[in-house]
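Pasting the structures in now, so scroll down.
Two complexes come next, and they have one chain in common, subunit A, joined by subunit B in the first and subunit C in the second.
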Partner chain A sequence: MPREKDLPKRASRDPKRSGDDLRVIGAARRRVDSRGKVTGQPIYADDISLPRMAHCKLLRSPHPHARIRSIDTSRASAHPGVYLVLTGKDMPIEYGILPVSQDETALATDHVRHVGDPVAAVIAREELTAFEALDLIDVDYEVLATISSPEEALATPEPRLHTYGEEGNIHKRVSFEFGDVNVGFAEADEVFEDLFFYQGSTHLAMEQHASVAAKDRDGKLTLWTSTQVPHYLHRSLAKVLGMPTGHIRVIATPCGGGFGGKSDPMNHELIVSKAALMLDRPVKISLTREEVFYCHRGRHPVLMKFKAGVKKDGTLTALDLQTLVDGGGYGSFGVASTFYTGALQTTAYHLPRYKFRACRTFTNKPPCGPKRGHGTPQPRFGQEVQMDKIAERLNIDPAELRLRTAVKPNELTANFLQLGTVGLSECIERVVAMSGWKDKFRKLPEGRGVGLACSCYLTGAGLSIYWNQMPHSGILLKLDRGGGVTLQAGTTEIGQGSDDVLSAIVAEILGINTADIRVYSGDTDLGPVDLGSYSSRVTLMAGNAAVQAAERAKAMLAEVVAERLEVPPEYLVFANNHVFDPGAAEKKLTFPEAICLAEAKFGTIGTAGSYWPPKMPAAKYKGGGVGTSPTYTYSAAIVEVEVDPNTGWLRVVNVWNTHDLGRALNPTLALGQVEGSIYMGLGEALMEEQDFRRLPKKLSHALVHKAPSMLDYKSLTSLDMPPVYTEFVEGPDPRGPFGAKEVGQGPMLPIAPAVANAVFDAVGVRIDEVPITPEKILKALAEKKAGRAPRFGPKHFPQIQWPEPLRVPPPWEGGDGRAINDTPKPPKPAAKVEKVLSR
Partner chain B sequence: MMRLPMFDLRAPRTTDEAARILAGEGANAMLLAGGTDLLPNMKRRQQVPRTLVSLRNIGTLKQSQFNPAGARLGACVTLTEIAEDPRFRNGYSALWQAAAQVATSHIRNMATLGGNICLDTRCSYYDQNYEWRKSISFCMKKDGEVCWTAPGSERCMAVSSTDTAPALIALGARVLLRSGAEVREVLLSDLYQNDGMNYMLRQPGEIVEEVRLPALHGWKSAYWKLRRRGSFDFPVMSVAAAARLSPAGVVEEARIVLGAVASRPLPADEAAKSLVGRPLTEETIAEAAAQAARLAKPLDNTDFDMSWRKKVTTAFVTYALRDLRGDDMTSVNLSLGRHIL
Partner chain C sequence: MAVIRDVIPAFELFQPASIEDAQSLLARYGPEGWVLAGGLDTFDWLADRIKRPTAVVDLGQIKGLSGVRVVDGGLEIGAMTTLTEVVQHPVVREKYRLLAEAAEAAASPQIRNQGTIGGNVSQDARCWYYRAGWPCYRAGGNICYADTPKGLNREHAILDADRCVAVNPSDTAPALIALDAKMVIRTPKEERVVDAEDYFIGPATDITRMTVLQPGDLLTAIRIPSTWAGAQFYFEKVRDRNVWDFALVNVASATKVSGSAIGDVRLVVNGVAAHPVRLKAVEAAVTGKPRNEATAELAGQLAVQGAQPLQHNGYKVPLMTNLVKRAIRGVAGEAA
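Moving on, here comes the complex of A and B:
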């Protein structure tokens, strides 16, 4: 068991801390799948080997942008050991994760948009044979002009990467104004204008994508695959293969990390499925690390312009934010990501007026998508560094500035997001205390510094990816006569511990041990629909569904036990594998006895639980659904750095952080999520870059990923991590199961801005972009020495033709959540009645 | 996954036999020591030998001896064995520091001294898989025409990335090369040339059998390495320094060698000479560092910005000379690599 001294301190905001009577929830436990994981037991997709199995390799485009004139596969097909060669015409149906961006085909039909875009697939007896046969496919390409950045995309409307989207190579523009920001700027004592850039990065999950597809004896399809979203994949398979979903089974295999990189239906998953059906043979694909870099869907590079108005006391009067988002070659989650580059700017500090405009462009690079924090780390970096600059100019301690402006619990924000519990102030106070901030800030010797930043994140996206009125999560429970409980869920265990959390919730309610529960998750045949492991939604949504299913089972058991023991059911306690009346020691039954009684009376004991997010009555304007969530979490982090003024070398010395997570259902897991988030945040802050290299234009049209390997794409290893000190701020949120909120993404967000702010404290230069590298620090130090602005960062934000903003008056200006200048929409079908579980 | 191409594996028991196989196979054969460089390269089709001649079963290559004349190291001594041997740590410190900082402990357990000396030169246009290199129409080092690092260049600009060679050269190492029955001994420094493709003057049939280090006799040495992560990476600039000091602390003889800023380990003889006859003071160190740094001409084909790599060369020469002088370098080590060497 984890040692108590290794676990984070837990400060409770609740003086009469409820939950002291809990036995499983809140206790630091080994996760239910830990023994198997550490002894190498899980069967990952790449471990699967089936009789007669064939292997697939993909021929990928060597060109960043080209039309395919023709493909000749005859030589490859004739190669000994090759079973099948597929091209785009074999599966031309378009798909994509978002209904508004159905812009991918499994193999290119006539247009390739980045180096690595798949063009053909070879399925052969041996993987090496398939690889060798790739060189036997003759593709005639017409090379097209290449777009490497959003600025180029804006300046180059032709050739278009896609024929849909707004115009030219602009994929999506959004424009909102919540209150008149000019009024806010007029009221301000100081106006701050800052440009920031946040570099793209990849997820770097240890496990590369892999899939095995097989045709069952009855002609149905089974796909084992490393995915975060079996349900959305299930739908895409049905669409592209033209099969009913009932004839397709998706099994999410044990996952060696996702972080958002396995949240899209992927071309290779569709290809092996098609091949298995055609060949009537199992077909497997295991991507190389390079290919994972081409699948990408990682962090969007974002250029940002922040204009903020503040009063002398630090009160914010207005924010005008523009973002320019580098989307890569396809839509992916990009429309949502674009909204997210501004949706949560109102949820940490009270902002009375807010203007937000964002533009996503297509570029000839692998598509960007959702990575931990999805679209929000970039503007969070800008906002938190700008807050530090505001504090500096106004001569207010950065912690104090944030405490003064922090949002209040249950606030309705300028953009009509309904907050729940808010532990931001407690997070700041705790992290200031634990780090010794007051003795360090602006007091450390030259070359040493501390920086503070905060953040806010969703606990599950309020809306499904496709419009529907059905639940977001479902759970089935079956109680066996012998006392065993089977839990069937559509959730996907991607290492975050969702199987453990669901077991713990059911064990707590039924008074049993997690060891007596068997979880079947991530299988579309066995479990009810769960939307997937993304947006930090599983603990809250599937957890609430598990609460409902377990409470329903408990009620059936309580009814029969109450009859047998002749006590009112509400007297009964479920604990230690027994159901008993605590007032009368002899009045008890074992848990299996209770099940037998219940089964005798009701028949087979199975229950279901479902979860719908609270219907958001607030944001009624178009686009208002992005950013809504049942509740939000808060984090604060302080980073201490050391900078060598001679070389610019940067070392992170310590990280302190606090996270408002409602309640830690299993503190061991929660701590793992926090430390993993901080590792990822430091990687982005210090070194990670999904960066591309363009060769001299007169010699080559190449535009290639600079370092698509785990050696040359730099990310911290465990040996490079600084000490991390964590405390949880707990205060149960009524919307979460046992009060729990998210912990998997939020703690990442403050890390990069805290590093930037610490560098300023150490050597007095601003690095307004990530990664923050020694080269940039040394350049900024040279600027400082030369008497120029002591800064490294972007210098220019391009002119963008913005659409007229949707004007939504904020709540305090009498707004009702509707835009006052929107064209009326036809009425939608009556919305489902709100279903929030209360406990 | 990326698969190895097919190849024949031969595993002779003596160097004579290995040399015979090598002579028979000619350019189609390559030697396999630890495999940590060659096998990944083969997966990326940077090298596609038809035959691999494994040195694993040749016991004599795994031995090291210390005697009054110095040290003799078999080519297949692993980097872990060097890093864990106090005779290196306390004597040939530069070699110890270099070996201990190669890659990760897993790789050091397999990688050999001979392999590290022969390490293929590296370049961000070359150390990529087959499909990636195809998308830039390859480069002159393998399958292509142009050096993309310097498209006007006649020669390949791939970077010498061995950690141990600069250290060994600074220590005055010689190597024993065997070709059939013939054995020759050369200064390690004379084995390299500044060409990314033909970076070694080793003949195709020659086997690096042994590394010979002269006795210390008052020599002190140090090796400092620039890399992104202290846990892992190849050098992208490094400095090996060795000096013989008089009891009074005056430099009697010195060698400074820069790594990873050219296609060969680059001796900075003028800089070393500037120290002779003078004590190692901050002034003499600064002078030597500035002189050595002038030689470094890093290009844009490794990690980090090339102009920054050049700029910080002075700092790294300074670190190496201070370390050699006996300064406590703990805090610099902690800052650069999170570990104490």
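Moving on, here comes the complex of A and C:
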């Protein structure tokens, strides 16, 4: 068991809260799947081997941008051992994770958009044969001009990467104004204008993508695959293969990490499915590390311009934010990511007026998508570094500035996001106390510094990816006469511990041990729909569905036990595998006895639970759905660094952080999520770069991906992790199961800006971009020495033709959540929403 | 550029039992042959399908190429000795600690268990354009991709570049030069011994090679004379992360002190040029000087004279200055 002393201190924000009667929830436990995992027993997709199984390899484009004039597969098809060669014409139906961006085909039909874009697939008896046959495919490419950056995309409308989107190579522009920011700037004592750049990075999950597809005896399809979103994949398979979903079963295999990189339906998943159906043989593909870099869907590089108005006391009067988003070759989640580069700027600090404009462009690079924090780490970096600059100029302690401006619980923000519990102030106070901030900030010797940053994140996206009125999560429970409980969930266990959390919730309510619960998750045949493991949604949404299913089962048991023991059902307690009346020791039944009684009365005991996010009446303007969430979490982090002023060498010495997570359902897991987030945040802050360079014009001008390997793409090792000190701020949120909010993404967000702010405290220079490297620090120090602005960062934000913003007056200006300059849409049919469950 | 890698193409594997057999195989296959020592550099090239030899000659079965022996008061280290064996050898640790520290700084424990000292000193240049198979000067083309306005070159050379700006990243190489080691080379005709300092060559000498080894030549052993046994040593390696990473800059020095003055010193830096750089001018300037801050300052300034940083590696200049200063002081740890 984890040792108590290793676990974070936990501060309750509500001293009166009860909950100490909980036995499973809140206890530091081994996760339910730990035994198998530590003994190497999970069968990952790459471990699967089926009789007669064939192997698939993909031919990928060597060009960043080209038209395919022709593909000749005859030599490859004739190669001994090759069963099948597929090209784009074999599966031309377009798909994509978002309904508005159905812009991918499993194999390129006539256009490749980045190095690594798949062009053909070879399925052969042996993997090596398939690989060799790739060389026998003749592709005639017409190389096109490439677009390496959003600036180039804006300046280069032709050739277009896609025929949809706004115009030229602009994929999506959004433009909002919540209150007149010019009024805010006029009221301000100081106006700050800052440019920031956040470099792209990739997920670097340990497990490379792998899939096996097989045709069942009855002609149906089963796909085992490493995915975070079996349900969305299920839908894409149905679309591309032209089969009903009822004939397709997706099984999410144990997952060696996702972090957002397995949240899209992937081309290789569709290809092996098609091949298995055509060949009537199992077909497997295991991507190499290099191919995973080409699949990407990682962090969007974002250029940002923040203009903030502030009063002398630190009160924010307005923020005008523009972001320019480098999307790569396809849509992926990009439209959502684009909204997220500004949706949560209002949820940490009270902003009376807010203007937000964002533009995503296509570029000839692997597509960007969701990576931990999805679209929000970039503007969070800008906002938190700008807050530090504001504090510096106004001579207010950065912690104090944030405390003064922190949002209030249940606030309705300028952009009509409905907040829930807010532990931001407690997070700041506690991290300041635990780190000794007051003795360190601006007091450490030259070369040492501390920096503070905060963040806010969603607990599950409020809207599904496709419009529908059905629940976001469902749970089925079956109670066995012997006392065993089977839990069937559509959730995807990607290592975050969702199986454990769901078991704990059911065990707590039914008064049993998690060992008596068997979880079947990630299987579209066995479990009801869950939208997937993304947006930090599973604990809250599937957790609430589990609460409902367990409460329904409990009610059935309580009814029969109450009859038998002749006590009112509300007297009964479910604990220690018994159902009993605590007031009368002899009045008790074992849990299996209770089930038998219930089954005798009601028949088979099975219950279902569902979860819908609360209806979101607040944001009624178009685009207002992005950023909505049942509730939000808050984090604060202080990073201490050491910077050598001669060499710019940067070392992170300590990290302190606090996270408002409502309630830690299993503190061991929650701590793992926090530390993993900090690890990932430090990687992005210090070294990770999905970097590309254009070759000189006299050479092909091609766009080059820096060697896609784990040696050249640097991330931290265990030896590079500084000590991390964590405290949980707990104040149960009524919207979460047992009060829980998210913990998987939020703690990452403050890390990069805290490092930047600490570098300023250490040596007095601003690094307004990540990664923060010695050469950038050195260049900023040289600027400082030369008497120029002591910073390194972007110097220019391009002119963008913004559409007229949707004007939405904020709540305090009498706004009702609608835009005053939008053409009204016909009202949507009223949702058949059940009462949202709350405990 | 191949687009899917990680699958090593088929080749014929030979495991000769003698140096003579190895060399006759290499003669037979000529440019189609490939010498395999620990395999760390080799398998990268093969898996990336940039180098596609038809015959691989594994030196692992040749007796006598591995192990550390005490010879003439000094040491002879077989070229196939693993870095772990070098690190753990008691005499290396006692008398030539510089080499133990350098070898222990290389790569990761797993790689040191497999990687050899001969391979470590003979490894090919580090430049991700070159390693990705781009047809650069070093690969026989007529361009350097790293030294262009938009090139990525933060890992690259600040000294002695000639068309190619790649670096030698070996950690043991500067330590061996500081210890005045001798490289024992078996050519098809004879055995010859060259100073470690002369073993490494720059692009001006031959842009396609990193060492004096000609095709068919084998490095068989490294001899460390007793000259510097027990001297005062300093080794430091700066890298982006603390394990499994090449040096951005490293420094190795051996110093003999007479009284409070520096009596005799050898000072070598790597990661800054295509070959390890012995700083003879610095050595001459500090000899006879007290081991103090003024001497360190002098050494640091002198060390980087002539440095020509590229767009993204200017930080290597102060880094090298600092490492040289620390080596002269003989103590690590001070921020400045």
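Operating definition for what follows: the second predicted complex is superposed on the first by the 834 of 839 C-alpha atoms of A that agree within 3 Å, B and C clash if a C-alpha of one lies under 4 Å from a C-alpha of the other, contacts with A are read in each partner's own complex, and residues count from 1 in each chain.
Please note the rule applied: a residue touches a chain if its C-beta (ideal position, glycine included) is under 8 Å from a C-beta of that chain, and two chains touch if they have at least 3 such contacts.
Note that the structure is a prediction, hence the values are computed from the model and not measured.
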| said: Looking at A:Gly447, would you say it contacts subunit B, subunit C, both, or neither? Reply first, second, both or neither. | reply: second
| task | Using the touch definition from the top, say if A:His247 reaches subunit B (first), subunit C (second), both or neither. | result | neither
| message | Tell me the contact category for A:Lys587 with respect to subunit B and subunit C: first, second, both or neither. | response | neither
| message | Looking at A:Arg10 after the superposition, I want to know if it touches subunit B, subunit C, both of them or none. Which is it: first, second, both, neither? | response | neither
| Which of the two partners, first being subunit B and second being subunit C, lies in contact with A:Arg75: first, second, both, or neither? | neither
| Partner chain in contact with A:Arg694 - subunit B first, subunit C second, else both or neither | second
| note | Intersected contact list for subunit A, partners subunit B and subunit C 60, 62, 115-116, 127-128, 131, 288, 290, 642, 644, 646-649, 687, 693, 695-696, 699, 704, 706-707, 711-712, 714, 716-717, 719-720, 773-775, 778
| Residues of subunit C touching subunit A in their complex? | 1, 3-7, 128-129, 131-132, 134, 143, 145, 148-152, 154, 238, 240-245, 312-315, 318-319, 321-322, 335-336
| field | Footprint of subunit A on subunit B - complex, ascending | value | 1-3, 5-6, 124, 127-129, 131-132, 134-137, 146, 148, 151, 228-233, 303-305, 308, 311-312, 315, 334-336, 338-339
| request: Under the touch definition given earlier, write down the residues of subunit A that touch subunit B in their complex. | output: 46, 60, 62-63, 115-116, 127-128, 131, 208, 286, 288, 290, 642, 644, 646-649, 651, 687, 693, 695-696, 699-700, 702, 704-709, 711-712, 714, 716-720, 722, 773-775, 778
| field | Residues of subunit A defined as touching subunit C within the complex | value | 57-62, 115-116, 127-128, 131, 134, 288-291, 447, 642, 644-649, 687, 691, 693-696, 699, 704, 706-707, 711-712, 714, 716-717, 719-720, 773-775, 778-779
